[in-house]
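Take a look at the structures below.
Shared between the two complexes below is subunit A, which pairs with subunit B and subunit C, respectively.
The block that comes next holds the complex of A and B.
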C-alpha cells in the first residue's frame, strides 16, 4: 500500500513535469493545428543546449534553459514561416506532407545530435540533483520536486498569457475562427507565427527540466512522441487546464504500471492511453470539438 | 491497356530470370546482401503507397508490420520448423489480419491522428514482443538457416530471388488496384472523404481493403528478414527507421503511380548502401532526412511529378 501511495505521489509530480514538456505542443498542435511531430525532437535539442551550457560554462541548468529561450523563439518563428510558405499557403495535401516534413526535421535533429554529442546519455550537474526528501516512509527525489515546481509555474504562466494578455487572446481567436480574425483586420499568419514561436520558446525551460529529471540521449524524442501527444490529445486540443489534468493522469498511470509490472512495459503506457483516447473519445477529456 | 499488360508481365519475367541468372554469374556475395535490402524496400514502399499514396493515409506503422512479419517467421521456425514459403504465406495472413484490425481501430481518425495512432500501435506491439520470453525478449533470438536447395549456391541468393518474386507480386497488386475501381475509389476518398462518401463510394470498405493488402505485403516482406539476418530482436525489427525510410522512398519517388515508390526505393536504397559502406550509417540517416525534407518542400509530387509535365498522363 505504501508502495502504491508513493507511486501515486511520484506520478503526480511526474505528471506536472509532463505537462511542462507538452504545453508547447498544446499550443502548436492543439491551437494552431500544425502537425508538429518534431516537438519532442525540439525538446531534446533544447536539453542538449542546456547540457552544453552546463558542461562548458557550468551554468545552472534552469538558468541555461532561460538563456536559450530567445534562440528557440527565433527558431520557432523561422520553422513556422517555412512550414507556412511551403504547405499551408499551397493548401492541398498540407496535412500529409506537413507530417512527413516535421518527421524529416525530427530525424535530422536526431542525427545531428548523434554526430555532435554521440549516442551516449548525458546529464547535468546542479546542487539539487541526486538528493532526496523524506516524508514519513516516502522518499521523493529533490530533482522531481524542482521539476514539479517549475513545471507548474510554467504551465500556469502560459495559461495566464493565453487568457489575459492581448496577444494570448489573439492566438485563441485565430484557433477559433481564422476567417473572423482576418475580417477584423488582423493578420492571422503573424499571430500564428508568434504563437508557434512561443510554443517553441517554452521548450527552453522544459528541456532543462527533461535533463534534470533523467539523463538524455539523442533518440529520447521517440518516447516523448507518445507522452506529449498522449497528453495533448487526452486534454482536448488546446485546453491548458486539460493539459495539466491529462499529464497528471499519464504520470500516475506510468508510475503505477512501473511499480506493479516493471519497467519493460513502460514505453507502451503513453501510447496505449493515446490509442484508447483516440479510439473512444477523440475530442479529449475537456475537448470542445 | 492490353499491350501494357503484356509489356509488364514480360518485364517481370525478364527481371526474375535476370535474378536467377545472376546467381550463376555474380561471384561477390556482397551484391546479394545489398540487393536483398533494396528489393525489400521496394516491396515495403509499394505496399506503403497503396495506403499512403492512393488513399492518402500517412502510415508510420511500417515497422509494426515489418516487425510482425519478422517475428511470425521466427515463431514458425522455432516452434514447428516451417519452411520459408510457409513462413511468408502465414506472415501475409497475419499481416492482413493486423491490417484489418488497424483499419477498424482507426476508422474515425484522419490526417495526423491516423499517423500518431500507427506509431502507437508500433510501440505497443514492440513492447509486447519485448516482454514475450519465448521469442527471446529484449535480448533477441538466433535462428538457424536450413540447407540451401538446388539452383542456388547460397541461402542469401535464394532469399534475393524470393524477395524479387515478392516485388513482382506487390507491384502487380498495386498496378491492378490503381487501374481498377478500387484505385479510383481510393483516389476519391483521398481528395475528399466526405464528398466520396456522399456520392456512394464505399469509403469504409475501400479503406479496409487498402489496410489489409498493404499490411499483408509489408508482413510478407518482413518474413524472410529473419532468415536473412539469422537473428531477430525487437529494437531493430520494430525500429522506426523502417517507417521513415519507407515513407521517404515513397514520397521521393511519388505516390500517384506504382512506379514512384519503385524509383524512390531504388534511388534511396542504393544511396543508403553506398553511404553506409563508404562513410557511416549516421550520415546515411542524415541524408535520408534531408532528402525527405527537400522533396516534400521542393517537389511535392515526387520524381514522377517532375516528369509528368513533359509527358501526357500515362496509364500503367
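The block that comes next holds the complex of A and C.
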C-alpha cells in the first residue's frame, strides 16, 4: 500500500514534468496546427543553453531558463517566419511538407549541439538535485517537486494569458477560424508568429526542468517526441488545463506500472492510454468538438 | 679518391631516394571501420577513435606497416544496428579496405558479424559483449578485457558474497549488451544458489528511475547488480541518492556503462561513492605498461580540442591496443593475408599498452582482465581527482588489488 501511495505521488510529480515539456507543443501544434516535430529538439537546445549558463557562470538552472526565454522567443518568431514563407504559404500540402521542414530543423539542431558541446552527456548542479524531501515514510526527490511547482505555474500563466489578454484571445480566435480573423482586419500570420514565439519561449523553463530531472545529450529529443505528442493529443488540442491533466494521468500510470508490474510494460502505457481516451473521446480529454 | 667518394655518395643517395619514392608510391594499407560518432554510444566511440588515430600517427611516424602508410577509413554508424551492415559492405566492396576494425559497442557490431564471417575477414572487436558466441567466427579478436562470458558477473558476485550477501537484485536495460550481462549474471547466481529477489529490465528512454529504485529497495536485496547504459546510469544513481536502496545492500553496481566517462564522473561527483563497478583501465599501481604513460600524455593533449572525454581511461588505450594487435600480426607474418593474421593472433601473446593480450579459441581474452573497482572519497565537480590513484580502488583481479571494499553500501556512500 505504501508503495502504491508513493507511486501515485511520484507519478503526479512526474506528470507535471511531462506537462511542462509538452505545454509549448500544446500551443504550436494544438492551437496553431503547425506540425512542430522539432519541439523536443528545441527543448534539448534550451537545456544546453541552461547548461552553458550554469557551467560557465554558475547561475541556477531555473534562473538560467528564465534568462534564455527572450532569446527563445525571438528564435521562435524567426523559425515560424521561415516555416511560413517556405511552406505554409505555398499550398495545401503544407502540413506534410512542414513535417519534413521541422524534421530537418531538428537534425540541424542535433548536429550543431554535437559540434559545439560534443556528444557526452551534460548535467547541471543545483542544491535541489540529488536530494529528497521526507514526508512521513516517503522520500520525494526535490527536483520533481521543483518540476511540479514550475509546471503548475506555467499552466496557470498560459491559461490566464490565453483567456484574459487581448493577444491571447486573438491566438484562440486564429485557432478557431483564421478566415474570420482575417475578415476582422487582423493579420493571422502575425498572431500565429507571436503564438509560436510564446510556444518556443516557454521551453526556456521547460528545458531547465529537463536537465534538472535527468542529464541531457544532443539526441535526447528522440526520447520525448512520442511522449509530448501523446500528452497534447490526449489532452485535447490546444487545452492547457487538459495538457496538465493528461500529463498527470500519464505520469501516474507509468509510475504505477514501473513500481508494481515491471518496467518493461511502461512504454506501452502512454500509447495504450492515448488509444483508450481517443476511443471514448475523439476530441481528447478537454478538447472541443 | 675524393671524386670516387663523391660519386659513390651520389649513387647511394639516388638509390636511397628511388627506394624511398617506391615506398611512398605504394598505396596505403586501409583499415576500415564504422564508429558511433553520434547517438547514444558516441561518448565512447569518439575517444575510442582518438586512441586508434594516435596509434595510426605513431605507426606512420615509424614508417607504417610493411613499408606502407596506414590510412583509416571511418564512417559514422550513428550508434545504430541498422547502419553498420551497409557501411561494412561499402568498406569491403567500394573502399576495398585491407583490414577491418569493429565499431565500439555490441549494438552496431552484432549485425556485421555474419557478413564479416562470410567474407573471411579478420575483425578486431571493440568492446562488444558476446557477439561471437553464436556466430563462431574464427577470425574475431575482441580488444576488450572481458574474458570468459561469466567472468564479469562472477567477479562482482564473489565480492558481494564475501561481504556477506545472500540475495541478489538484477536491474538491466532492455537492450542487447545489458541483457547479455543480465543473462550471465542469472546463470552465475543459479550455479551459486543465490536467490534473485528482484529482476527487472527497464525500457530505453526511461526518464525517471525513482519508482524502479523504490520497488527494488522493497525487495530488500543484499547485492544489487545493475547492467545499464550511459544515459540511464546517471539517472539510476541520482534516484539511489534520493530514495536510498536500503541498509541491507552490501554491494551496488557491477555493469553500469557511463560511469567510466570523465564528464559523467565529474558531474556525478560524490554520488559515485560506494558504487562498485566494472572498468578496464584505471590510474592505479600495476596498470602501467610500456607506452601507457606516453599514450595518455598524447591523448590528454588531443582530447580537449577534439571535445572528447578528457580522461579516456575506458576505451582510448584499447583503441590504441587494437592497432598494436594488428601491427604485430602484419609485421610478424609480413602479409595482409587474413588467415595468416588470424593464425598469428590465435597463437601469440601481443604486448600492448594495456598489458599482454592472448586470445582463446572464441576470440575473447584467455583470462579476464576486467576490473571491479569501488569509488571512494570522491568530491563534487573535480575531474582531475580521477587522474590520481586511490579514487577508484581495484578489488578484482586479485593481482591488481589496490584497496579494500567499504561495505555496506549506505556506509560507503558517506
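Please note the rule applied: the second predicted complex is superposed on the first by the 266 of 289 C-alpha atoms of A that agree within 3 Å, B and C clash if a C-alpha of one lies under 4 Å from a C-alpha of the other, contacts with A are read in each partner's own complex, and residues count from 1 in each chain.
Basically, a residue touches a chain if its C-beta (ideal position, glycine included) is under 8 Å from a C-beta of that chain, and two chains touch if they have at least 3 such contacts.
Everything numeric here is computed off the predicted structure, so don't read it as measured data.
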item: Which superposed partner A:70 touches (first subunit B, second subunit C, both, neither); value: neither
item: Which of subunit B and subunit C A:131 touches, first, second, both or neither; value: second
item: First, second, both or neither for A:35, with subunit B first and subunit C second; value: first
item: First, second, both or neither for A:267, with subunit B first and subunit C second; value: both
item: Which of subunit B and subunit C A:153 touches, first, second, both or neither; value: neither
item: Contacts of A:99 with subunit B and subunit C, given as first, second, both or neither; value: first
item: Touched partner set for A:121, first subunit B, second subunit C, both or neither; value: second
item: Footprint overlap on subunit A, comparing subunit B with subunit C; value: 110-111, 114, 222, 264, 267
item: Subunit C to subunit A touching residues, read off their complex; value: 37-40, 42-43, 45-46, 174, 200-208, 210-212, 214-215, 218, 230-231, 234-235, 238-239, 241-244, 258, 261, 263-264, 267, 271, 307-309, 380-381
item: In the complex, subunit A residues that touch subunit B; value: 29, 35, 37, 82, 86, 90, 93, 95-101, 103-105, 107-108, 110-112, 114-115, 222, 225-226, 229, 233, 264-265, 267-268, 271-272, 274-275, 278-279, 282
item: Subunit B residues touching subunit A - in the complex, by the definition given at the top; value: 52, 56, 58, 60, 105-106, 108-113, 115-117, 119-121, 123-124, 126-128, 130-131, 138, 240, 244, 247-248, 251, 282-283, 285-286, 288-290, 292-293, 296-297, 300
item: Interfacial residue positions of subunit A with respect to subunit C in the complex; value: 3, 6-7, 10-11, 14, 17, 110-111, 114, 117-123, 125, 129-132, 139, 141-144, 213-215, 217-220, 222-223, 254-255, 258-260, 262-264, 266-267
